[in-house]
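Some structures to go through are shown next.
Each of the next two complexes has chain A plus one other chain: chain B in the first, chain C in the second.
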Partner chain A sequence: MSGIGAACLFVGLLCAAYAAISGVYGGLSGRRQFVVSARRAFYCLAALLIGATAILQAAFLRSDFGYRLVAEGSSTDTPTFYKVTAMWATQEGSLLLWALLLSIFSSAVLFLTRDSLRAITPYATAVLAVVAGFFLLLTVVWVSPFDQLVQPPVEGSGLNPLLRHPAMMIHPPMLYTGYVGFAIPFAFAVGALVTRSVGADWIRATRRFALIAWTFLAAGIMLGALWSYTELGWGGYWAWDPVENASLMPWLTGTAFLHSIMVQEKRGMLKAWNVSLICMTFILSLMGTFLVRSGILESIHAFGASTIGTQFLIFIAIVVLGSVALVVWRLPDLRSTARLDSLLSREAFFLLNNLVLLALALVIFWGTFFPLISEAVTGTEASVGPPWFERLVTPLALVLVALTAVGPMVAWRRVTPAGLRKVLVIPVAVAAVTAGALLLGSDAGSSLTAVAMFCLVAFVLAVVTQELWRGASARRVMTGEAWPRALSSLIGRNRRRYGGYAAHAGLAVLMLGVAGSSAFAEQQDLRLAVGDSFRSGGWEITYDRPIARVGDDRAGTGAPISFGAQLTARRGDEFRTLRPSRNYYPAAGMEEGAIGRYFEGEATSEVDVRWGLGGDLWTAVRPDISSLRGSIEEADRKFAESDGDVRGLIITAIAEQYRRSPPPASFRAISSPLVSWIWIGGGILVLGALLAAWPAPQARMRRARSLYRARLGRDLTGA
Partner chain B sequence: MEYALAVIVFVALVALVVLRPLVAGNQDQAATQARRADLEAAKESKYREIRDAELDLGMGKLSRADHRAIDSELRAEAIEILRELDGLDGLSAEAAAGRDHARRAHGDESAG
Partner chain C sequence: MRSASLAVSVNALVIMQAMDPSRKRRLRLVIALSVAVLLAGALVYTSFNAATEASTPSGLRSSVTPGKSYELTGKVVKGSIDRHGEELRFAIRDRDGSASVPVVYTGVVPDPFREGREVIVSGALERGTFNAERDSLVTKCPSKFTEDKQT
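So, the complex of A and B:
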């Protein structure tokens, strides 16, 4: 079957090449049938890549180690769920996933625009085909997912233990969907520039794709943070790591794009800005994909060095140069048709919000690539750490959250200072009361930055609540509906607006968690013997007993051995049992001995998190198994040739030895206030974005069309 | 062998699907259809802007005078779109809008 899979990729590459040529020729010649043919080539490409993915997935599921990829990324004892998702843990598989998602997204947008945007679609098709072609070229020529081994091993290496986490398995497709999704508005922007059709048509056709891409990217970033928090064993969710930053940068520029396109749609302004933003977002998406695997920057998330770095850099350089040249070439066509009516207008605040988002992206870009920049300039690699990022990002984040609050209160075109004062009264009062309560009624004053963020969060939530209240009141006046009905109608009929506000509320809630956990977390690193106690965040925590499990991995990751600790935590009447542990995965070779390899392979932290709205109690343990080394070496000498059952018994006996006489273990305990609100806020943000992207029912749209057209008719007939 | 055979079969299947529009020739009989779709999208967008301005007025974000100015500008833009849209059908904007007005007056809310 590997031959068929490879054939799918090769013919897919031919489809992409044909779609690019046919699209451009159709656009230049005006012969529509070539554009239709190019679109059909994309449908075929999607079908072929679905076939290729299905063949590869089947190989993973049946542990067919004839496939190099399966031998390197899976094993017979890898749980089925992780076998299914192991494909994108590999470089080749993730490239195939990229191409697959792009072909599906492209087919969808080309189908939806088959009867519109006649000038733009031929070139957009060509751009999408070139991008898909690049990824397919990589998989056909340099890193084929269907490479076969001449002598397949009996057992595979298994999936990287760090990746055996549910969030990590969903995280890559989410991120890639985000990255790929931004290719759609990018391609249409290029088409618009080529054909000088730089009005809002291309934006209207692709806005929903950009929003879906943004939503998936947000969900992917959140899942990555959750994985970091619960799997990496350091206790944080964001380390300003290059790979984390690489996903955040396109999200920030994508956020700016989603706001500024509204200005172009409504006012015909910011055309050059919008095409530049989407080009930037797509380029950053490509860089995000590249950074995960390139190994050019040290990262806790980078898995294996890439062999396709040069090809990626050449492609990114072509996209950068091409985008810049195209925008500069079309600058005369990109002049705004309107001017800013007032600085007190929504478009002015959107512009400000764009500048802040871009500043954030630039700061993060500089900090992320500083090691490369410093090496190029000084010859020595230096990097900036989290404090550098926090010093620059925190004030910008405060301004951003403030703008998140003010933006929705201001009308398009202009608002009078008196009008703005009127809508500001209640939210400002809420923020002031919050500040007073925090400073006078708690010890939050130790971090004024956190207090400022809490006040701004209260400000945003008050604004969103006020907007809902005032909107529902206005609707009640217009229609006489009861409150619940008025509120649901208001949201249902203005999904884009209120979905956006929900996303703002989600961001505010998320920042509440970030501020609380960053400023007030208590971390302790201790070495404890059984019976020892310590205090963390008001909890009295005692190391009760050691845990040693063989073949009983409760997280379902397939780890054969797990050592840990049972702790009891008491705070007043509250009582919790905590069981942090560390999973041990066997080393691939036999160099460490038949028994020793089970203890000397990779190990991962299985942290215990007691989630709570007020705060989490997070614990991790690093057992000291050096005392077992003597027994392990002796077992290796005596039972080197033993079969699996005997080895199992010996490993169980060694585990029992740890349970009977455990040496002191190292613990990390973190009491992290409000951290759960990060995930809750992220969820609200994603739901809000989905609400904004959800299309209005056709019947309702027809009624609205009829109503407005009739009103315009009255204008005309009365004139 | 498996690879070569699969490539031949896939190329043949793809060619059947992809080349069909070329063999069938240019059957694009609705050149105005695309323009209509673009104008329909622009119209929806303009209606949404009118609705947004109304909501802003109702919520007190816009003064009555500002709303009047913005609304008349938006309506003028919407009428331009309607004119072009109806021009595609050979109708005048006034006739088309008047037709809709008449339909609404007779309670036909789903027209348009």
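So, the complex of A and C:
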């Protein structure tokens, strides 16, 4: 089977090469059949990669350790759910996933544009084929996912316990879908530049793909943050780690792109800017993929040094140089057809929002690559920590949220200050009342940054509410519909606009959570014996009793042993039981002893969180198992040759010993206000983006088209 | 103060509206460029100021500024891990070498932390002991899952 898989990849590479050559030839010669054949080569590529992925997944599911990848990344005792995800925990598997997603996305967009954009598609097909070809070349020549081991081991290494989390199942594919999705507008932008058809057509054709890519990237980033919060055992959701930053940068430039293309569609401006932005976004996406595996920056995500760093760097360099050359070459064609009329216009605000987003991306880029920059400039490697990022990002984020509110209120071309004042009077009043209430009625004044952010959040939400209300009441006057109906048809008819508003509201809500949790979180690290208690965020928390579970794997992570603590948290009349624990995974080798290896392998914190809209109570525990060492060593000596059942009994006895006389354990408790709003806001943002991306109903499009035809007919006959 | 600066910028807008278009454009360009230069300056200045230099145990031995923060990288020495209540003591040695430095650390210990693993920790050297900042310990992902790839 592995031979068939490898063959699929090889034939896929040939398909990609053929699609690239045939696309360019078809474009140059104007022979349409070559373009059609290039497109069909892409369908073929997608089918081949689906086949290859299916073969690899089947190997993971049946634990075929003849595959090097399966032996390294899975094991028979890895739960089925995580066997499926183990593919993208490996370098080879994630490259295959990238190529697979790219081929599917490309096939979809090429199918949808088969009858339109005749000038651009040949080159867009070629660009997509080159990108897909690069990833396939990596898997065919250097790192094959189908490598076979001459002597398959009896048992595999297992999936890294840290990755055994539901969010990790979907986080990488979502992130990759985002990265890959940006390849599509990029390819069409290149096509548009090559053929000088730099109008808004390529944008209209790929806008939806850019939006979907952006949405998936947002969802992927959110899931990564959630994983960090609930699995990594430190209690935060964002650490300014290079790999996290790498996913945020294309998202920021992608956000800028989604806004500035509207200026090109409506006003024919910012053409050079838009093509540059999408090139930048795609390059940053490639870099995001590369950083995870490269090992050039210190990161907890950098899973060991990679062997394909050089190839990646060369490819990124080619894309960068090619993009810059292409944009410079076509600069004369990219002149705007209109000028900025006024600084008080939608165009100007979009430009401003773009600059802020780009500044954010630049700050993050600088900080992420600072170790390399510093080494190049001063000769010593140095890095900047989270405080540096926070200091620079916070003011920019405040400006960005303010623009989120004001931008949609400003009309195209120009607006008078008086007109702007009229629409902003209520939202500004809401923000002012929020500020007053927070400063006078609460102790939030200890962090003025947080208060400023809360006000801006109120400002954004007030703007969105006012817009909904204005639109719905106008509709009511026009059609006489009832409120709910007026609102739903208003949104249904202007999906892009109201989807955008929802995304704005989502961002504001997300920022509410970020500001609240980063300014007011209360963190404690304590060492507690059974019966001890402490206070955190209004909760009175007591260490009730120890937990020691053997062979009782409730979270489905495949850990045989789990030690922890039962805590009771009380606040007023509210009682909560929290059970943070620590999972112990057996070590692979036997040098730790027959019993000892069950305690000396990997261990992961399984945190327990009491979720709440007002704030979370987050707890983690690190049991002290050093007191058991004596018993473990004794068991190792006595039962070195024992079978599985006896070992199970002994481990149960050791767990029982821990339960009966537990030494004090280390705890971390964080009461983090408003942190849940991050996930809620992220959800709203994603739903808003999906609403904006949802295609308009067929019937309406047909109606619009027939109306247009009728008018055209009238105009032509001169009536 | 905020309202004052707002008033200033509104005035600037009014003045700019009264100017002829080409001067206006030039002025906009100048303003935009100076903002960009300011931001770039802030970026360069703050980053070089706030940066923590990376070092290794042997690097710390040869040249060290007392009280200055370093980001120490190396491997955890076998048998050196020792817990004293909240305090974690261990030693870090060079990635390939034997020079080592004792470390005193408090705060969250990452799950993969273990003997022989590669770690990064920030802090300053005081009388031969590396006093680590709270929660600054980062452990690279376990080699067990990647060791085959590193060759």
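Here is the rule we go by: the second predicted complex is superposed on the first by the 703 of 719 C-alpha atoms of A that agree within 3 Å, B and C clash if a C-alpha of one lies under 4 Å from a C-alpha of the other, contacts with A are read in each partner's own complex, and residues count from 1 in each chain.
Please note the rule applied: contacts are C-beta pairs under 8 Å (C-beta built on N, C-alpha and C of every residue); 3 or more make two chains touch, one makes a residue touch a chain.
Nothing here was measured: the structure is a model prediction, and the numbers come from that model.
Peer 1: Check whether A:S671 is in contact with chain B, with chain C, with both or with neither, and answer first, second, both or neither.
Peer 2: Neither: A:S671 stays clear of chain B and chain C.
Peer 1: Report for A:A382: first if it touches chain B alone, second if chain C alone, otherwise both or neither.
Peer 2: In the superposed model, A:A382 contacts chain C only, not chain B.
Peer 1: Touching A:R118 in the superposition: chain B (first), chain C (second), both, neither?
Peer 2: In the superposition, A:R118 touches chain B alone.
Peer 1: Where does A:W366 make contact in the superposed view: on chain B (first), on chain C (second), on both, or on neither?
Peer 2: second
Peer 1: Is A:P417 touching anything from chain B or chain C once the two structures are fitted on A? First, second, both or neither.
Peer 2: A:P417 contacts chain C only, not chain B.
Peer 1: Taking the superposition on A as described, I'd like to know which of chain B and chain C A:R204 touches: first, second, both or neither.
Peer 2: In the superposition, A:R204 contacts chain B only.
Peer 1: Using the touch definition from the top, say if A:L232 reaches chain B (first), chain C (second), both or neither.
Peer 2: Second partner only.
Peer 1: So, does A:S562 touch the first partner chain B, the second partner chain C, both, or neither?
Peer 2: Touch status of A:S562: no partner.
Peer 1: Flag every residue of chain B that touches chain A in the complex, lowest number first.
Peer 2: Of all residues in chain B, those touching chain A are 1-3, 6-7, 10-11, 13-14, 17-22, 24-28, 30-31, 33-35, 37-38, 41-45, 47-53, 55-56, 58-63, 66, 70, 75, 78-79, 82, 93-94, 96-101, 103-104, 108-112.
Peer 1: Using the touch definition up top, name the residues of chain C that touch chain A in the complex.
Peer 2: 10, 13, 16-17, 28, 32, 39, 42-43, 46-48, 50-54, 71, 73, 83, 85-86, 106-112, 120, 122, 135, 138-150
Peer 1: Considering the complex alone, what residue numbers of chain A touch chain C?
Peer 2: These residues of chain A touch chain C: 68, 72-73, 91, 157, 160-162, 232-235, 298, 300-307, 342-344, 355, 359, 362-363, 366-367, 370-371, 373-374, 378, 380-385, 387-388, 391-392, 417, 525, 527, 588, 602-605, 620, 622, 624, 626, 666, 668.
Peer 1: For the complex, give me every residue of chain A touching chain B.
Peer 2: 3-4, 6-8, 10-11, 14-15, 18, 31-34, 36-37, 40-41, 43-44, 48, 115-118, 200-201, 204-205, 265-266, 409-416, 419, 422-423, 467, 470-471, 473-475, 477-478, 493-494, 496-497, 699, 701-717
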